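The following pair of complexes shares a single chain, chain A, combined with chain B in the former and chain C in the latter.
On to the complex of A and B.
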């Protein structure tokens, strides 16, 4: 009883902060999402309009386009980061010359703010000035212009995200791999399991909790990506990289469409929760069933 | 006049000057006495004029008055984000906000700003002897409310001009080649046809001579509103399409069908011409905002272009940034026949008169202290050095200062053009829905730029979208 009370006392500051800076703003956004509110409209006051914003979103082509490019981005970026991150983690489990230097360099992108990453990549990819289009043209005769080519802009953003966030996946998976017990691997070796079998039946199930946590973090981050994209393409060319975060930003800030912007935010939060839940079920449920 | 008389006259003049300076200093110290514990906070876009306020004027004012001034310079988007959120929520974090000319009508519609004329009239003790609204150029009129009062102290004013490379335009070999090819002399263009001819000539010249040289700039970013501004504020007016093609007196009509001009034949002609220029501009043009256009020109990659005046200064005179120092000329933008006469007759404008002011949010808790600072930066006395550091003129007497005159020479006569022809340019139309209509129609413009939509179809869609947005906002009935 005593420890329970102490626990609540120790938790209290965090709970208070969470309530005021997390729960309350969230409830306010939900409240605003049921209103028509643009401070620069002829009637700038908040007007309750029921579920009209939610009805509108279903037919909003701009939102649906943003949703589709975001999903494509998340699938490409997160999947690539997981695969590359795992391969790098496995590589770092072995000894090779210059390993510590390589690991340090490999981790550097993580300490960069997203807006800086966007700026650096903009410098590297600006047509006729950037180093990437220059050498693509000089070595392979490929013309790269992220201002006109939607696929080029999209792939550049995916590659930028992979470059920025793969180190996080690598570090998390190194931590998971290092903590694995040796016994099951030795047992598998004695039983004659090959590498694929060892990975599929031993490594993967044992690192799944870390993998799930990593996927959740990257998924949530990728779904709300704004800074890098804002800096690199501004959502263009056209609307080809207008991801949900950028779409919400443009709706809420320049357009000051607070009501509808809040509705989009609530829907995106809902979709994020659903996506995470589906992932959780698909990645952890089979494991539980195996145990059962 | 004998020697003794000269000395006496000089001494008297010095005494008068020093006593006037002393009197001015005395005013600031006296007026600031009640605000010694105040810290003024301002937010503005990170531009050369704003940086000068932060780095020079604010520290000077602080030393003179003891009132601390924190100026936050940030990106264009962030500046709006912070200022609007603060004023909307009424938090009163900022005592001064940058008011870009095109947003002032939105701010006034929401009563976001303090009436500075009234504030000074109600508090005569606050009125600095060296500050007067009469000192400002007519650009200040953009910051007046319906009652004629001033709601912001102008701090920057530029026109978007036609900049050209004098070294290329005066090169004998190039001149001869141009004459041979076109049958006319190589001089700055007056019409779109002439401009296009020069642009095509130089782009080809660059190709033929293996140079990184193109014939024109294009502020044609495919995901940033800079391209929207280039079309509606720079190109369309030179075809006679004013105020974005929206008729405020006709139920805010944008489409031709309803009485607007956004998708008129002139607008479509303007769009086609602009796209044709974009196609022969440097490859980076599709990712260029106003900043990159300046950089492109400063890097010597174009022979001519339409460039914001705020960039003209460093392009023409800053050797640490520009490769074309001393080789820059300025002129009026090219236009269709009859447009200049129309504008001189009082209808429309030929380009954008850009700029901004510093205003005091209604929510500021330190309005009087902020008013002191605004008067300080609005004085004639601080303007010349400011104009040299960042090419902007907001006060009438600034043009006559020797330092500014010298700068004018370096800028190829830019200040003369601003003073003598500034009246042909105009700020953004007085719409309280500026950003809303821009953001609603910009994605369609980006599609035109990427080629996903044709110019005619795209402008039709933009006009329809503008009307839909205006209906949503409640302006169009």
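On to the complex of A and C.
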């Protein structure tokens, strides 16, 4: 009992902070999401309007557009990061000259603040002064203008996200690969498995837990991407890169539509949970059932 | 089934040579055990046989075919690892059937062979389980099942019993030997445990520091060890060694230790005054009414036999006898040694005389 009490005492500061800065604001957002509230309007008081905000969201074309753009972004970015990250991790498992230098450089994007990443990429992609449009034009004769071309803006954001976050995937997968026992792989060699068979039958199943954890982190992060996109395109051109995070930001701050903005936040949280749950069930749960 | 020839195999890592020209000739269907202390190169040799480790020089051939540059899966061998190396995410059935699946055998054939192997190894009721749900002995058998289904030319075992408890080890020892008698396949088996080697092998290869010290049947090694290392390694408890020289009294040669202990020796070519190491196994010493006077240091009764450690001057000599001895530490008794059981080695070269 003594140690139990001590445990709670040691946990108390964290719990208090978590309650005031995590749980309370969350409950408050849920509370606000059931109201119509524009504190800077002529009538700044909160008006309860039941599930009206939630009804509205289902038919809100701007929101649905945001949702589809975000899903496309998440699928492209996270899948690419997984594939490139895995290949890099496998490369880093081997010895080659300059490995440690390359690994350090490769990890650098990870320690940059998203807002900086956004502004650097903005600098690099601005027509007439950016290095990327310049060489695309000089070498391939391609005109790139993320201010006017929706596909160019979207692709640039996907590539920026890959550049920024692939190192995280590489690092977690290196950790997973390093901890794998060597014997099953040698056994597979003797059992006659070729490289592709070894990957599908041995490597992939054995790193699945680490892979799922990595996908969770990247999925949740990608679903709430704001700052980089805000910096680079501001959600444009038009609403082609208006991801959910950007959409909520625009709804809440410029439009000061607090009630509806909160509703979107709650829905996005819900969708994130559902996506993670689906992922978990499809990738990890089958193993658990096998136990029985 | 096939014979295996290892000829003048050398292994070098950068500048360090770890294998110095190893020659081993294994006949078709033979059960050969590679034995030696850790670091002697026995596992490396097995891994070179499997193709997991490259050889620097020499040749390895299986069934008359040189396999130096043949990748593991094309060598037609099966290997059982010390860790069993089971695939943790696959069931027992999938584990055993894996080599067949990789070779794209039809599902019906896989099922037949896996079921057959499972019956041989008494695993039929465990086919749906996962490795973590099995005991050590069961995992061991799954690993063997995976080797059996391939019907390979040679089985390789790398210390397969080291992770099991003592009792299970004895059971599995018998099972592996039975399996060999049943399948008749050539087996190369690595262990550091000389009892495993003695009980299972048709032929033992004793290794030390990347060299073969002696090759022979278990009893050959026991009766005629070629040097001090093999003599000390084979047999438990291990052989007594006393350093001294050949002496003579009344025209008859005897052994005289550095501490002045006189011991009987057989007919020998060793000359009077030559420095020798005297070897006698504890189980070849009897206790008698007269003989070599010794002072008891420790008596260890185990019920079936009694181990005695006794001293004369500075020389400690163990004896293992069937009868129960009630001697107390410090008391005196007499060792009786039959000269026919004595081994003499040159003191400098450590080779048998």
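Rule of thumb we're sticking to: the second predicted complex is superposed on the first by the 286 of 292 C-alpha atoms of A that agree within 3 Å, B and C clash if a C-alpha of one lies under 4 Å from a C-alpha of the other, contacts with A are read in each partner's own complex, and residues count from 1 in each chain.
Here is the rule we use: a contact is a pair of C-beta atoms (placed from the backbone, for glycine too) under 8 Å apart; a residue touches a chain by one contact, two chains touch by 3 or more.
Keep in mind that this is a model prediction, so the values were computed, not measured.
With both complexes brought onto chain A, simultaneous placement of chain B and chain C is permitted, the two fitting side by side without a clash.
By the touch criterion stated above, A:186 is placed in contact with chain C alone, chain B being left untouched. Contact comparison for chain A: of chain B and chain C, B touches the greater number of residues. By the touch criterion stated above, A:129 is placed in contact with chain B alone, chain C being left untouched.
Shared-chain residue A:108: touches no atom of chain B or chain C.
When both complexes are overlaid on chain A, the residue A:235 reaches chain B alone and has no touch with chain C. Angle at chain A between chain B and chain C, computed from CA centres in the superposed arrangement: 150 degrees, to the nearest 10. Superposition on the common chain A brings chain B within a closest Cα-Cα distance of 50 Å of chain C. On chain A, the positions that touch chain C within their shared complex are 181, 183-184, 186-194, 197, 201-202, 205-206, 208, 287, 290-291. On chain B, the positions that touch chain A within their shared complex are 77, 80-81, 84, 88, 106, 109-110, 212, 220-225, 282-287, 292, 432-433, 435-436, 438-440, 443, 446-447, 449-452, 472-475.
Here chain A touches chain B in the complex through residues 38-44, 62, 122, 126-129, 145-148, 150, 233-239, 241-242, 250, 253-257, going by the rule given at the top.
Taken together, the chain C residues at the contact with chain A in this complex read 50-52, 71-73, 77-79, 81, 83-91, 98-99, 102-103, 130, 133, 146, 150.
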